[in-house]
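Each of the next two complexes has chain A plus one more chain, namely chain B in the first and chain C in the second.
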Partner chain A sequence: MHYSRAHIWFVGPAVLLMFVILIFPILLAGGISFTNYNLGNPSFDWIGLENYDKMFSRKTYIKMIWATATYVLIVVPFSVVIGLCAAMLLNSLRFGADIYKTIFFLPVMATLLAMAIAWEFTLHPTMGLVNSFLANGCGGMREFVLGFHWLPWVNSNASWYHIACENNNDFPFWLKDRGYAIWTVCFIGVWQAFGFNMVLYLAGLTSIPRELYHAAEMDGAKSTWEQFKLVTWPMLGPTTLFVITITTIRSFQVFDTIEVLTKGGPSKSTYVMMYAIFEKAIQQNLTSIGAAITVVFIAFVILLTFFQRYVIEKRVHY
Partner chain B sequence: MGTIKLQNINKSFGKTEVLNDLNLEIKDGEFLTLVGPSGCGKSTLLRIIAGLEQQTSGDVFIDNKNVNKTRASERDLAMVFQSYALYPHLTVRRNLETPLRLRDYSGLERIPLLGNLFPNKKNKTKKIQDLVHKTSETLKITELLDRKPGQLSGGQRQRAALGRAMVREPVAFLMDEPLSNLDAALRVHMRSELSELHANLKTTFIYVTHDQAEALTMSTRMAVMIDGKLLQLDTPQQVYDNPSSLSVAQFVGSPKINTIKGSINSDGTVKFLNLELHRTSSIKNTNVIIGIRPEHLEISKDHADNSIEGVVSYRENLGSDMFFHIEISGDNEKLIARGTPQLTSSISIGSKVFVKRLKGEALLFDQSGSRIKFTSDN
Partner chain C sequence: MKNNHYIGEGWKHAVLIIGALVVLLPFYMVVSISLKSQQEIQSISGGLIGAQEVQTFPVCTKMGMSEETCTMKPYVYNYWFAFKKAPIARYLLNGLFVTVSIFLIQVLIALPCAYALSKLRFYGREFIFSMVLFCLLIPVHAIALPLYVMLAKIGLVDTYAALIIPWTISVFGIFLMRQFFMTVPDELIDAARMDGMGEYSIVWKVMLPTAIPALLAFAIFSVVAHWNDYFWPRIVITGNRDLFTPPLGIREFRGGVDSDEFGPMMASIVTITVPLVVAFIIAQKRFIEGITMTGMK
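Up next, the complex of A and B:
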């Protein structure tokens, strides 16, 4: 019998390309992470796990993991919940939904870099829109509302707003303050991400059969909340899973805002992984440590994907 | 009790009028079928009764109480949907429990974990489980209780949906073409099962279908709707034998009733083709349409007096019955006649045949489609 070797020619190029441009670089990064190789060096030594050891013991890298975790854990839940709420609100609108969709989706379409520059101006400690808005409001309505003076238990002379006004308009420096920077970056992250989630949820909502809501109504689910619990939320399960996975991976990858707004500072409070890789491997030519961070980063993402694939997927598909 | 009364119901979507001044009274324990061609507004009417749709004007009464402003969830009706609309993420058991949980537990008792602290919840849970068990036994779905709807066949899903409606013992069941997603054999089987269920439960059933066979086989009374109007409300036999108009006569019965143009002369004699009817009409001197059902025609190859001559153009063999499509010689009209396979086996396509009609079975309609009575009808 004559065997043709044609199949090798069909499969070969694809396999080769996959190895050269996808798998090989990852393996290379893995290999480099066990050396002390720096770009431009003529030679290198194997140093085993030293790079990883550094990562989990040196303060800088602890801060890196801390900043990344904070960013992911804030941006994912907030952008998912806000995205879902926005989608449900838009879904209930009879007209005007398209306008809102466009507005909410704008931050997704625009380049984050340009948006980050706009945010930098807005949040500038002295000249920025936010702080001048706050400063001009001292003693007025803005102080009453934003200082929570309307809550009975807030002492209007001790509110954060009042104190800031007293101290010569000492409002937060937002991106320049260690205590605020990561939260401000998170806020921008949520602002940027929720529009995308909203669009995914809108698609998910339209695929829920209307008869299920009617069945729920006939079964006695009177309130919107009961119908949400009985129909909307379970039926959105697959969408939610996808939205969470995508948002988590994208949050791990945050870079543009950090590069433009904080450069990882102040005192490494916004030193997220992607920025760390960029700084070490590209700016400082410390290729090996950059490779080690990359490996940890990829491990995180793969772990997450597996978790999604094998643990949660079974629960959301019926 | 389960009486439902509809008074002057109108419904329009924008400029399209779907229901037009509809009045209907449904008796307690009745199996009422709303039947009509698709787009006649029967599903809309059912949804108005359910409260899922608001009528443009008119009143709905359930047990003599006006429910215009009552929400669907508070009308105490149960509905079986065409697509079954089972909750896909819940097991059949949970699907059946849902209407009971939503009604019997208070809001606080439904809170996960914390809800179990309420002393009454245990009793209620026991009651719910008993009811679900009882219903599943009636419908023979006990062994399916722990499966999810996705793992069930069409017929099993249908039963589960029925179970979810039954478990609560509602005032009336509303069914929106529940059998249309089943295969033909199962559909016929479920007809008898639904009738049986109705006989056991003695609850009011309101059943929407476009299939006149379902309406004829199951209902106590059937309401024929065409173009948003209720044309006739009567027992299936009456609707079949004594249709109020040509459209009802044409809709009910398969194959369709034969219609032939004819005329009435001055003494009330009805003439058509080369024949005349035995009975005389109460109206005189007009053109009419004569309706004769296929089973009221006799077909044979032998020449007979007072018969219509024609050629067989198509033969439908249903096993028990044989339907012949006949082109009438020297005329553009077509007839369908029923024969028994034994007696008509020699008649094939292209055969020349003679069609005789049975006495006293023809129906008369005027040009607009309304019934004309024979003088002997009263």
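Up next, the complex of A and C:
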């Protein structure tokens, strides 16, 4: 260690920027959320908790919280589990793993906005490959598999697939239908995110010592499932924790797909928080309510990360 | 037993191939539409590349060009028209300029700070480090609104500066570099001091070269994030096309699925997505390592 005055010039700019760009805006958002300030207005009044009151009572914002929660609670578990399964499958392959890895990682690299538009076309009711694939499969193998006719309790004349075929190929308008839009957007979210989780899990898997599997075998854990339960899953604890946290934070911030595909609709079914901030504060110039949403949003994210870092972390490390 | 193994391997490949097809589906769709004619797109015919029949394009003749210049194969038309309709090259250059500037400023600010936090002893060091740890919890997108208000107040909306300023401080970069510098032996720095090097030259001539692997990982992380970022540019660039980054350019093209010509639109998407995807495929090992390294901290 060394004493010098150089540190002032080394840490000075960073500290200043941290304060101006990261910490001050939080305080500013907090301040604005207690006013009726709108960007461009010369003056404002303090209105206390009115903005927060609106947020937790008006229908629009209740829907916003629902949509955000649905998105996060679907995308996180699915992308984590699929990521883990893909990693384990790839890890056990004899050949070809690298090709799959590249393919599964492509959505992580590609501009999400562009891919959202690509999905819009893929899922388009008349021009999309998905619905034409479904329509061409009426009465055939596809109907049998995707209509779940192979399950003994499904009446093959009453399955969703069969009904759609009967009604002149009335397959879902994936992004325009209130009943489907949020699930479609979630699907795109999972499609985009699981490759990232897979890569993190692959790194986690390679760091598990081989000896542990031998030891587990000695102890009688013969089947793959038992070995997974006894060795793989516990050893991946820290990876899983990290993967869940980062996917959650990213899912909270979903915006690109919503803005370009649904604009929060139909009837606010995909009205997630980031889009709400954008629409209210930037497009409609309702700065103060946007600030209130921002504050709630930041509180969520910070609490969540804090919880991960200091509470659970202690339990998963060996 | 051996046979069983092969069956198992076959099943795994079957599952993975289905997965790969789903993952690749939208990529196939974009490339295919960017090559085909409007009629083929709407009737979902022609497979991947379409029949490529030479034809005259009415949208083109309406723009006042002669019939001769407007007669060509669909794929030529789509790409030609995409470049004709929007300054795609400009968008790409903007993207390059913004991402490179962000990365360079981030390094310029984070590297000395990380060095000071790991190798110098001074009053308040612990406090500053805990400030870094706290700031790691703040996603910049979440505070976009107050940042936007601040930039609007000082009149910086619709400038390059607005695209760059919020990203100049990367606490994550500081954290990553600090962790890396902790592993650099003190003797190396002491030797440099013996040779009469000042603290500034130590940062740039001794520490920087040792940090190349970490820097490379950070560069990939930073460039990918900002090249693809749509939210922030969407907020601060309100109308000036000269400042559009690639995602904003794509957005502009999408005048609505039911109104526009799809071929040129998809051609623009291909053009704008290709640089990063090709870079990834060429250097995928580095990319994946970089993302994992920065991901796992």
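Note that in this section the second predicted complex is superposed on the first by the 304 of 318 C-alpha atoms of A that agree within 3 Å, B and C clash if a C-alpha of one lies under 4 Å from a C-alpha of the other, contacts with A are read in each partner's own complex, and residues count from 1 in each chain.
The rule is short, and it goes like this: a residue touches a chain if its C-beta (ideal position, glycine included) is under 8 Å from a C-beta of that chain, and two chains touch if they have at least 3 such contacts.
Note that the structure is a prediction, hence the values are computed from the model and not measured.
On the shared subunit chain A, the superposed partners chain B and chain C are arranged side by side without overlap. Once the two complexes are overlaid on the shared chain, A:Ala221 sits against chain B while remaining clear of chain C.
Judged by the touch definition given at the top, the superposed model places A:Glu211 against chain B, while chain C stays out of reach. Legend: residue contacts after superposition of the two complexes on their common chain; A:Leu17 is shown touching chain C, with no touch to chain B. Of the two partner chains, neither chain B nor chain C is touched by A:Ser267. Contacts of A:Gly237 after superposition on the shared chain: chain B is touched, whereas chain C is not. Comparing chain C and chain B on the residues of chain A they touch gives the larger count to C. Taking every C-alpha atom of chain B against every C-alpha atom of chain C, the smallest gap after superposition is 10 Å.
Of all residues in chain A, only 1-4, 6-7, 9-11, 13-15, 17-18, 21-26, 28-29, 32, 39, 86, 89-90, 92-94, 96, 100-115, 117-122, 124, 126-130, 132, 191, 195-196, 199-200, 203, 239, 242, 246, 249, 253, 255-256, 259-260, 274, 277-278, 281-282, 287, 290-291, 294, 297-298, 301-302, 305-306 touch chain C in the complex they form. Touching chain A in their complex are the following residues of chain B: 47, 50-52, 71-74, 77-79, 81-83, 85-90, 98-99, 102-103, 148-150, 164.
Within the complex formed with chain B, the residues of chain A that make contact are 209, 211-212, 214-215, 217-222, 226, 230-231, 234-235, 237, 318. Looking at the complex, you find that chain C touches chain A at residues 9, 12-13, 15-16, 19-20, 22-30, 33, 41-42, 44, 109-110, 112-113, 115-117, 119-122, 125, 128, 131-132, 135-150, 152, 165-166, 168-169, 171, 174, 186, 189-190, 193, 198-200, 203, 224, 227-228, 230-231, 234-235, 246-247, 250-251, 254, 257, 262, 265-266, 269, 272-273, 276-277, 280-281, 284, 287-288, 291-292, 295-296.
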